[in-house]
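This is the structure I want to talk about, given as structure tokens.
The letters A, B and C name the chains in turn, as written, and every chain counts its residues from 1.
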Amino acid sequence: MEELVNLFHGFAVALQPFNIMVMVLGIVLGVIIGVLPGLGGANGVAILLPLTFSMPPTSAIIMLSCIYWGALFGGAITSILFNIPGEPWSVATTFDGYPMAQQGKAGEALTAAFTSSFVGALFAVIMITLVAPLVASFALQFGPAEKFAVYFLAFCSFVGLSKEPPFKTIAAMMMGFALAAVGLDSITGQLRLTFGVTHLLNGFDFLIAVIGLFGIGEILLTMEEGLAFRGGKAKIDLKVVLQTWKGLPRYWLTMLRSCFIGCWMGITPAGATPASFMSYGIAKRVSKNGNNFGKGEIEGVIAPETAAHAAGTAALLPMLSLGVPGSPTAAVLLGGLLIWGLQPGPMLFVEQKEFVWGLIASMYLGNLFGLIIVLTCVPIFAAILRVPFSIIAPLILVLCAIGAYSVHSSTFDVMLMLVFGVVGYLLKKCNYPLAPLVLAIVLGDKAEEAFRQSLLGSQGSLGIFFSNPLVSTIMVLGLIALFWSVIQEGITRLRGTRTAAA
Amino acid sequence: MRSSVLRVALVTVAAFCTSGIASAAWEPVRPVEFIVPAGTGGGADQMARTIQGIVTKHSLMKQPMVVINKSGGAGGEGFLDVKSAANNPHKIIITLSNLFTTPLATGIPFNWKDLTPVAMLALDEFVLWVNADKPYKTVKDYVDAVKKAPPGSMKMGGTGSKQEDQIITVAVEKAISSKFTYIPYKGGGEVAVQLVGNHVDSTVNNPIEAVAQWRGGKLRPLCVFDGKPMAYDEPIVDGKGWKDIPTCKSQGLDMEYLMLRGIFMGPKATKDHVDYYIELFKKVRATPEWQDFMKSGAFNTTFLTGADYAKWVEGEEKRHEVLMKEAGFLSTGN
Amino acid sequence: MTTNSSGAAGPRHKVVEAGVALLIAVFGVIVIIGSVKAGINWGAEGPRAGFFPFYIGLLIVVSSAINFWHVLRDGDGALFAEWGQLRQVMSVVIPTAIYVGAMPFTGLYLASIIFIGYFMRWLGKYRWLTVLGVAFGMPIVTYFIFERYFLVPLPKGPIEEWLGI
């Protein structure tokens, strides 16, 4: 009960006029940041951090966390409209969101994405409100072995999704792993696969690969099929929001499952990106409409968006209660807390009640305001698709270039982006799946790092991955997911040889 | 008539004088890029963004200051970027120990002499931490436990590989003639939490990375790797403050290590450029925000410029070379 | 997608796909070489830097070989794309390549103005007024959003230097 009293006090803080203003400003800035590829949540918050330096800490963190919500919302917009994920966690949203937009259902896709984001965040905030201390201690259980198990599970639940030939999937995924390995090996502190090229010191950034493979690749495919941008007939009417809402309750189970996946991944802290992939993968397998995934199934938008937003929100909990960031953006927010003289950690909830509960209250309000703001803009976003291709295409290309550049302030990355674009076009035409490649780039080096940290700790014994109930459970879940797909593949291959024989 | 001519002449002369003075003191004419050779959210990044915030809040510069992270290759990306910006006085870089360790461990073509030293802002301390639930109350308790355990079975967590944390670990190993298993993580906060979760047995976190867990009663500091105890006597937990942590040397662990938080510029910076930034950082250091920041991280606030600074850096470089050579961390060429 | 347009000329799908498989294999070989340099054995601290990349490289090569074989076995005479379609694709790739290549020298703004202008005028056939409006408008908006508001510096060339921004 004390929590609820604190929370209402928090609402009183967050609802001060100045804080409401700050909240709305933060959301709008965040949406802009989320839409512009390359700026991203972490960079965006870092860039705007000094602006908040002269505000009181509570207002400052409200603004920054609202930028974060805004970026989470905004990431979905370009994914759905142009197949360009503004944020890593919206990659999975492109799989069904973009096909929907092509079929003239951009409004529905955007509404579903925003609404499920809100649901995910709300679920996570409620969890933070009610069970914060308990959850924080759960996060402490996660050493390297447990983390590896989580990555393993994320991979296993996603692999084997694609209907592409298995060896193409393997080739694509391994290319992703190889690209992720370039640069500094974090365990030995040694450079690898850089061949003395300075530009490769940083490895291949995920965002550059994604902007190229998805964004540029898609523009090239569109060019090949003639100049028409296929989403031209998008409805631009606010009614689409209400109509979509009517259909959403049907997917409550998907949403609930995605909420749990998201919260779990946010706390552990594996982050929003694996959460969105995993949630998409599981939804695809469990859903009756599983076969429609990838062709514009609304459930394929709901699942990753719910999970990503739940994870993004839940990631703030370990940051506040342990001082360990659950995501890169949370890492920057953490820096912000320290600058304002607030020490995140076990004592924050005790010593800085006003701050903590003001922040939690602003999570409720910020997400609500965010939802209202982005939903009213759905028609505007959808209308962008009506702009003729020969105007929008160069603008998208320039924006992609800016995005690729601003990731590391390097023009080399911009060239790399174009190379990835051509590669993406070729791979897509040759029926190689891009999703496993992207997943491998995001998680590859983290999984390898966790694996090798575990082996260092166990002095080389693989038994560490089954050394306690927690890690064993996750590993077994992962193995089940993996073998499930192997069985599926086996059946399809059997069928394949039979038809080939006949 | 004559007087007016005279007046015009005087005004002209005066104008020349003032413009002459103005051009003598160089000032940035474009936004200043502040490079951080580490990721967002880390110690160097926090310091850079604090400085950026202070500069903005107190309007210490006419042009904006822009923080850019170039963390690739353990910071090598950032160093090479500044090295190549020879004629650009609008680019400065904040360094940590990777100024020495990265070129030595990775073999990238860089040495601190490729840059122009501006100022040392502070030194970051290192503290030996253990989990508060463990029975080790003093350095001796812990060292005895390490010696008793089979070599390599005790785990030391740290940030990065072949960088400051691991260098200290190797030095500690040498001092107690036993072995740890060193496990590298990405960030200091994560290391501290791994210690709280008992996934490692000890860490050498910076104060700012672990203070929250200390206050929460989860971690216990054993000693500080400095020649003298830290200066901050404000109580943090149970009436104990930073000042009450003994030096490692006094506890029989003969190792001192401080990490540079300093500013450098491109190789061809002139004295005017350097002087401008020295003045700027003097103003930054005088603000209450900076002092709060120093206190929250229990920093050693030594400020050095010019020849003193260069000499200090040179000494540190030699020391790192020796330490890393002994530890076998030098790049084998790649 | 557009592979069944028989009658029109263009590269065979089989040939392109075989080429892609070969390129991927080459990539795999590069990865293997790099891994061997970094050390592929199991050192004192567990697997060394090149351990995982080495096997990843091997897997890439092996799976490419299988894909290559599949192409040769199953490939039919379908087209990859018609020449006309490829010309369309190249009409984006080549200007973009020039745009991207010029950026380090001219800066982002000048390159973007010319690029957008080219695209709209030659591919879109818009009136000059519209073309100039968009071509100059977008970089100016970009300048204010990125450089003035978010303080993100973008690549600049001699013109910006001369203008002092």
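In the analysis below, a contact is a pair of C-beta atoms (placed from the backbone, for glycine too) under 8 Å apart; a residue touches a chain by one contact, two chains touch by 3 or more.
Model, not experiment: these values are computed from the prediction.
Taking the mean of each chain's C-alpha atoms, the chain closest to the overall C-alpha centroid is A.
Chain centres here are C-alpha means, and the one lying farthest from chain B is C. The mean-CA centres of chain B and chain C are about 39 angstrom from one another, to the nearest whole unit. Distance from the chain A centre to the chain B centre is 32 Å, each centre being the mean of its Cα atoms. If you average the CA atoms of chain A and of chain C, the two centres end up 23 Å from each other.
With touch defined as above, residues shared between interfaces to two or more other chains in chain B number as follows: 68, 334. Counting partner chains per residue, chain A has residues 47, 185, 187-188, 190-192, 194, 409, 456 touching two or more of them.
Residues of chain C in contact with at least two other chains: 37-38, 151-153.
Those residues of chain B whose C-beta lies close enough to touch chain C in the complex are 29-31, 33, 64, 66, 68, 334. On the chain B side of its complex with chain A, the touching residues are 39-42, 45-46, 49-50, 52-54, 56-57, 67-74, 76-77, 80, 105-108, 152-153, 155, 160-163, 166, 181-187, 189-190, 192-194, 196-197, 199-200, 208, 211-213, 215-218, 289, 292-293, 296-297, 329, 331, 334.
The residues of chain C lying in touch with chain A in their complex are 1-2, 16-17, 20, 24, 27-28, 31, 34-35, 37-39, 42, 45-50, 52-53, 56-57, 59-60, 63-64, 66-67, 70, 80-81, 85-86, 88-89, 91-93, 96-97, 99-101, 103-104, 108, 112, 115-116, 118-120, 123-126, 134, 138-139, 142, 145-146, 150-155. For chain A in complex with chain B, the touching residues are 42-43, 46-47, 49-51, 53-54, 139-144, 183-192, 194, 198, 201-203, 318, 322-325, 328, 331-332, 334-335, 338-339, 341, 343-348, 408-409, 449, 453, 456-457, 459.
Interface residues of chain C facing chain B in the complex, by the touch rule stated above, are 37-38, 147, 151-153, 164-165.
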